[in-house]
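Letters A, B and C mark the chains in the order given here, with residues in each chain numbered from 1 onward.
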Amino acid sequence: MLGVAIAAAMLLDMVMLATGMRESFRRLLVSRGFELRLAPKGTLPFDTDATIPGVAAITSIMRSNPDIREISPVLGASIHIPVGNRDVSGSVLGVDPSVQGDYELLSGRDPLSADAIVVNDYLLQQLGARVGDTLSVATGYDPQTRTYSGRRTLVITGRVRFIYGANEQSSAAMRRETLEAMRGGDMRDRASLFMVRVREGADAERVRDWIETQIPNVTAISIATAIAQVDARLSYFRQLAVILGAVSLFVGFLLVTTLVTVSVNERAGEIAVMRAIGVSKAHVVQQIVLEGVAISFAGAVLGLGLGLVTARYLNTILSAFPGLPMAIDFFLFQPKAAWSALALLIVSGIGAGVYPAWRAASLPIAESLRREAIA
Amino acid sequence: MTQSIVSLRDVRRDYALGAERVHALQGVTLDVERGDYVAIVGPSGCGKSTLLNLIGVIDHPTSGTVEIAGKRVDAMTDREATSFRLHNIGFVFQRFYLMPILSALENVALPMAEAKVQRQERQERAAKLLAYVGLANRERHRPSELSGGEQQRVAIARALANGPSLLLADEPTGELDARTGAEIISLFQRLNGDGTTILVVTHDEDLASAARRKIHMRDGRVVDGA
Amino acid sequence: MLVFVLASSLLLQGTSPPPQAPPGRLRTIAIDEAFAARANLKPGDTVTVSSRADTVASARGAGGRAPGPDAERVIIGAIVRRGADPSEVARGDLRVRMHLDQLQHVSGYGDRVDRFAIATGPSTDIDGTIERINRPAFGFKAYRSRDIAVETSRTFQVVSRFHRAIGVITIVASSVFLLCIMVLKVEERRRDIAALRLMGISRSSVVRSIIIESALVAVLGSLLGVVLGWAASLLVNSHYQAVYSTPLEFSIVTTPVVAFAVSLSLLLGIGAGLLASLRLVRTPPLELFGR
């Protein structure tokens, strides 16, 4: 039973791995309702330091499409904040607080004024600061001259959770205009990313195609495309999941076959007598197969708990992937996954029981009885 | 003229044992009348159990004909043989072979369930049969909770479940002590007195003596009593 | 498409740019296999390279627009195979090698680079060299290549840890399976064991014979397993190398790995046989017969 439970646990884990990343990522992307993302041509959002020029012009072009409801330009940069005799560095997003989709406000207020900044818990911890504190924030570091392009005094107005934030990442957000001003000339009217929300009922893919035609220096990515691209990057894990899942299923199958075969061999006499008193071959097989199914089912139930524990452990390992949003789970429990695993096990249990059962039920009755008598 | 319920004509049964060919039965011809109580006796390896298996349609003769209750059974298909056994023949074995996870009542009801008898009816009939064999108060007990004699009585009740024309027993007292064996012997006599045709294979002298007719076998042949 | 430059090893000399090609003669670039396959390019093809999407046009021989100021017409000079870098696997990047001044011109980077890669002599004091560079360094810092590699290989480290975890789980699971099956198989022969005991054969003799048998089965099984594992490793490598267009070896069967696997399976097989046989010899023989 333990052996079958372990096979069931591994199978569940692999089914969760095969489907989890994609579903988890999809949930993350749809969480704020922005169906499209625009990145510099040929890149994925925040994959490089490249930026898109002409924010005002692009926004104007997009507003001309009635299917586009909201446009949220985002500018990314690095910041440095002196604390004592050291510098705490992190990443900052310049956003329009009224349409942003990058963070969730946990306490306090959005950065509505030009001197406001919101930060995540990790950065707060690094700074030893609280909401309401004042920070001296610098950005645009030039390693040649070892100077910053801009430094401002900002007030922490809120505590936030960055939806796409990775583990242990210091992150903040401020108004885009503030960040542009701090960065100076080279970042004026530029964005790292546009998030676009389409009108309800509009075809996001059509809007995507329209954008790419109208604005040739961007790559427009729909949720489906983003998922497909991340899928391709993490395809290795899906393939691994399929292989290990298949192996687990096979081993479980072997185990159940062995259990049933041994059980049937032990009961050869009993089976011969059942046939002798008139029980049909089909019923004998049915009985034995049901036993195989029962073992698989019991193993699956036991394996469910074991599988969830193992999945959590493995997920913790994979969550350390650099740059991966904290919200992504590799192993996501979905009831569908559990049902799939159970169904696979039951089917394999049936298969595992059929052959030894049929063999046992087909043995010549007289010979079995004679063997039993001798034994 | 009484009707033969069992009729064998020149029946032979050979089978391979390693490289050798064993002639378990060599041209057996015999009849058993309805209501008879026959004991088949002989030394080990004389073919008694083989003969019983052929009559019980759990084996096929190499040649010759076997007729049970007026039906040719020697060339039946597996499905036909199974169905025939279910409705016409009751088996009792030396080792009882009760289903360990079923109660006494459920063991007796098993052949009736296979014959698609309704639940209510089969429970009533099973209870009646257990009462007949003297185990009315042991219905709910599992085989592990019954003595050897009690288990054999449950096995006999099971054999009678579908009202068979013929009751076959292979060494029914083989695993029992003398006192318990005697109880089984007297049960068989009662059954026969109530009209059941019984064929029993045995080494037990007492059991053989209780039968109305003895068939002696040696080296695959009937030497006396055919 | 991202255009990278891989700076080949430069000795730290002056900063004078290498000579340009004579006017009218196109210079060459090299592309990787994936790029060649994706864009259907071969050596001798002429393309335009630009950092601006709106000026890129591919021209083969005659035809094609004249390149803009930040673009250059070049000839595909070679198709190169990428190194086995695990951090690049599955990224799907396409790589181009250009002359440094070409890329500086095309990208508008001017007289700048991302980094210098420095090869030192065999007896060079590396730490001393790093310190000498960093002291007057203005706008850059020197590192050992090894230290950079550790920093950038976090992805690979995560994958390694994951593999190790899966490996441990697989070993534990396999051990349980093996134990289960051994116990079942030995149980199957309990009547034989009972008969031996009734004959007067001692417990230790019975246990010893079962252990020897288990050990033999374990050795044969593990040898078969090694062969299967080696074949599977070949399959895994050929599959993933094709999928990700990389010479990286995903699975390597080494002597220590084989030795570990065989030793472990032997240990488990003997252990399982021991456990199962001890269980049986402790049971009275008649009970084993079911009496």
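Descriptive notes on the structure:
One rule holds in what follows: contacts are C-beta pairs under 8 Å (C-beta built on N, C-alpha and C of every residue); 3 or more make two chains touch, one makes a residue touch a chain.
None of the values given here were measured: they were computed from a predicted structure.
Compare each chain's C-alpha centroid with the centroid of every protein C-alpha atom shown, and the nearest one belongs to A. With every chain reduced to the mean of its CA atoms, the largest distance from chain C is reached by B.
With each centre defined as the average position of its C-alpha atoms, the distance from chain A to chain B rounds to 67 Å. Here the CA centre of chain A is 23 Å from the CA centre of chain C.
Centre to centre, using the average C-alpha position, chain B and chain C are separated by 70 Å. Here chain A touches chain C in the complex through residues 2-3, 6-7, 10, 41-43, 48, 142-146, 216-217, 232-236, 240, 244, 248, 251, 254-255, 258-259, 262, 265-266, 310, 313-314, 317-318, 320-322, 375, going by the rule given at the top.
Contact residues of chain A toward chain B in the complex are 269-270, 273, 275-281, 283, 364-366, 369-370, 372-373. On the chain C side of its complex with chain A, the touching residues are 1-2, 52-54, 89-92, 138-140, 154-155, 158-159, 161-162, 165-166, 169-170, 172-174, 176-177, 179-181, 184-185, 187-188, 191, 240, 243.
By the touch criterion given at the top, residues 49-50, 53, 56, 58-59, 78-79, 82-87, 89-91, 93-95, 97, 99, 110-111, 114-115, 158-159, 162, 170 of chain B touch chain A in their complex.
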